[in-house]
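Heads up, the next two complexes both have chain A, just with different partners, chain B and then chain C.
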Partner chain A sequence: MLEGIGGEILGVIRFGDIVPYITPFTLSMFILALTLTVLLALAKPENQILMVFGKDKYSLIKPTIEEMKFRRFMVIVCGLALSGAMITGDLFNFTLFVTLVGITNIGIIAAVRRPYVLEAAFQYGLICTLASLPLFGAAAIVLGTAGTLSLHELETLSVLPMAKILLAFGVAGETGIAPFYAAKAEVFRAPGAPYILMVHLSAIMVVIRTAEILLLL
Partner chain B sequence: MELSEAYQFGMIIAMGAAFITFLGFAREKRDLHRLVISDMVAGITLVIVAIVGTDLAECLILPTLVVSVAEVLAIAEILIHKEELKLREEGVIISTPNYSPLGIEVFQSSSIIVALILIIYGAILTGFTGGAVAGVGMVYYLLTRWDGKITKDFWDGISSVSGIAWTLWLVGFLLFFIVPEFWLFALFLSGGGLVVKVATKFGLIGIEGRDSMRGES
Partner chain C sequence: MKWMDKAWMILSDPKELPKIFAISILFVFFVGILLNYPYYPDQLYPKSFELSGLYPYDRGGTPLKEPAKIVAQYPQNSEMIGWITSYLTPFSSWLASKTLYLGTTIVSHPGGIVDEILYYTRGLDTVLESSIMMMAFLIVGFLIKLKRGG
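For the complex of A and B:
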């Protein structure tokens, strides 16, 4: 029933043990990630306006140029890591790219020098580090039980259910979705709209790719 | 799917260690201690990857280590900035720490021939190991005898040499796949590139270490 979850395989690149394969699903996600990265890199950053409660006043937060430059760089790196995670055909490379997305997400918000944002970034970073255990653990268990990491070959092999559970937990922690969202929620109060979007987008796209991998395993 | 007893036993121990560490993380309230515990989690991740015990698993240890170190460094940096901002808001003046020179006697009296032997032996070994051995020789010389000052140009120049050597290594590695007939050339290219890259990196670290040991900035 779940055979060919990503659609029909368009092509396979035999490159040693890693076998990158292209399906309409991975290809469209890859192009989407790259397009979004280009759009966000070109977009102008916003100035955040905070309303003063109970008064007819507002305060304008203007981020500095250096801060914005660093955050844009981090967005580009995050986008590249994201497109890598979308198209890779190797489970371990996928986990590495997801971890890289997590680190760059911390980088995007860590440039904001505000105590509450830094506090949230620190908590999110701790969750990211903790989540690397189930994430890499899942890849290691798949390698130990199935003997390969290539997703193309794993389609026909069976893996332990525990590996799937660990992978789901790892990705959830690394991208800061549902059970770990509390660590990430404060982050979105940071100024600089187009760059914060990347944090959202990368989480969503990584989760979609993870769903494909979990169904395929 | 038949798993060896040793693998199962190792996994049980690693999972037990992970459970204890997570329990400790949940109970600990202070930020610095939680950072240290998250580093321990990264260590257990390495153990889980290493338990698989195949050649491929051996290759996967280095990326796992690099990623976890990057994560721990990033959140440690965030923790420092967070605490600094907190102190600034309270009006505490933060002074940079002063180091007094160590003045270790053996550094002046040690024989210089050791450095020479290490560098020559490293050049014979080539590759990553050779780079490390030659690098130790360079560190030895720089720490004990070299009295020159490093300018910004010197530093940038050495970094550039290191970077170019690294790309040579990459080119050599690609040649293995593209034109396998030139394997000897590719081997020497990558081996030579790596020895220069690691040795120069070690040298730069050595200069840093010497300066902080002598109490210079």
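For the complex of A and C:
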């Protein structure tokens, strides 16, 4: 089944019980995540211009250098966590990577001095906190009912549908996808474009990887 | 389709979202609690239920003589498994003989149990767990610094 979804296994990385595996799918996602991280870390942040409607006026929003440095650091950590989530071969390890992606996503927008963005970020943070319960609950149920967390072993075992539902629920909350997208959509209005892209891309890539894991479970 | 319009309106409000998410999780948990969960007997990370000072982390073994019993998913990846957990400093082994609750502290005392599941077979998980906490501290620290105008 692993071969069926991700392609042929080209190799594994031996980290004790946690064995990340390399297939054309995971490898391409891993390289994509790393390349994006490097590009975003090197990119210069934008300055947002707000036009005043009906008048000949505009205002320039210039974030401070210190703020931008912190956000760039958060982008790098988020990118590394994202690449880890793409390649990992262990369910609990995957949930931890997703949580790290979630918390760094909040870090990227936490320093924005816009009340409406901060309000949305706070609500998104609440959802992230709530989502960690079904996310880790899914891993716990899988360990209890199947006796292992390794995705290589789990593909031959039967996993309860409830664990899959909880995993999907957890990832949906942690990455802020539909139908819980409203808070995250507000967050994209924050100034500082290249760093905000990471919030968006990490959600998409984590969802794609989750789809692969759900299909092979 | 008036109810659908209303539902989309509620979902588009960020302030309502955590409530809706919490209620939907509660619903899933309520369904989940009614289901039957078979316990897999051949567990990967078993715990001992014997009464001992290291409960529930008593995995046996004698330092430098015989390794502790630890079940790993891939034993070929961790060849020295069991040797580290069986080691206790003289102070810890004395403490373990005096109290029944040493195992609950894991590593919070000098020379405590270095649990191999936490630090050897599943070491990457432990690194990630502490990274998540560090990131949370970092964000709070930075926000406080911003607020103070530094």
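Definition applied: the second predicted complex is superposed on the first by the 211 of 217 C-alpha atoms of A that agree within 3 Å, B and C clash if a C-alpha of one lies under 4 Å from a C-alpha of the other, contacts with A are read in each partner's own complex, and residues count from 1 in each chain.
Here is the rule we use: a residue touches a chain if its C-beta (ideal position, glycine included) is under 8 Å from a C-beta of that chain, and two chains touch if they have at least 3 such contacts.
Computed from a predicted structure; not experimentally measured.
J.: Quick one: is A:P115 in contact with chain B, with chain C, with both, or with neither? Answer first, second, both or neither.
T.: The first partner, chain B, only.
J.: Considering only touches as defined above, state whether A:A182 meets chain B (first), chain C (second), both or neither.
T.: The answer is second: A:A182 touches chain C but not chain B.
J.: Taking the superposition as given, does A:Q48 touch the first partner, chain B, the second, chain C, both, or neither?
T.: neither
J.: Which partner does A:V19 reach: the first (chain B), the second (chain C), both, or neither?
T.: Second partner only.
J.: Mind telling me which of the two, chain B or chain C, contacts the most residues of chain A?
T.: Chain A has more residues touched by C than by the other partner.
J.: Touch test for A:A140: chain B only (first), chain C only (second), both, or neither?
T.: Touch partner of A:A140: chain B, not chain C.
J.: Between chain B (first) and chain C (second), which, if any, makes contact with A:S150: first, second, both or neither?
T.: After superposition on chain A, A:S150 lies in contact with chain C alone.
J.: Residues on chain A in contact with chain B in one complex and with chain C in the other?
T.: In chain A, residues 15-17, 92, 96, 99-100, 103, 106-107, 110, 119, 126, 130, 133, 141, 143-146, 149, 160 are touched by chain B and also by chain C.
J.: Where on chain A is chain B touching in the complex?
T.: Residues in contact with chain B: 15-17, 92, 96, 99-100, 102-103, 106-107, 110, 113-115, 118-119, 121-122, 125-126, 128-130, 132-133, 136-137, 139-141, 143-146, 149, 158, 160.
J.: Please name which positions on chain B make contact with chain A in the complex.
T.: So the residues of chain B touching chain A come out as 1, 3, 7, 11, 18, 22, 25, 31, 34-35, 38-39, 41-42, 44-45, 48-49, 51-52, 54, 56-57, 60, 63-64, 67-68, 70-72, 74-75, 77-79, 81-82, 85-86, 89, 177.
J.: Could you please specify the touching residues of chain C with respect to chain A in the complex?
T.: Touch list, chain C to chain A: 11-15, 17-18, 20-22, 24-25, 28, 31-32, 35, 37-45, 72-74, 77-78, 120-125, 128-129, 131-132, 135-136, 138-139, 142-143, 146.
J.: Flag every residue of chain A that touches chain C in the complex, lowest number first.
T.: Touch list, chain A to chain C: 14-19, 67, 70, 74, 77, 81, 84, 90, 92-93, 96-97, 99-100, 103-104, 106-107, 110-111, 119-120, 123-124, 126-127, 130-131, 133-134, 141, 143-150, 153, 160, 162, 165-166, 169, 173, 179-180, 182-183, 186.
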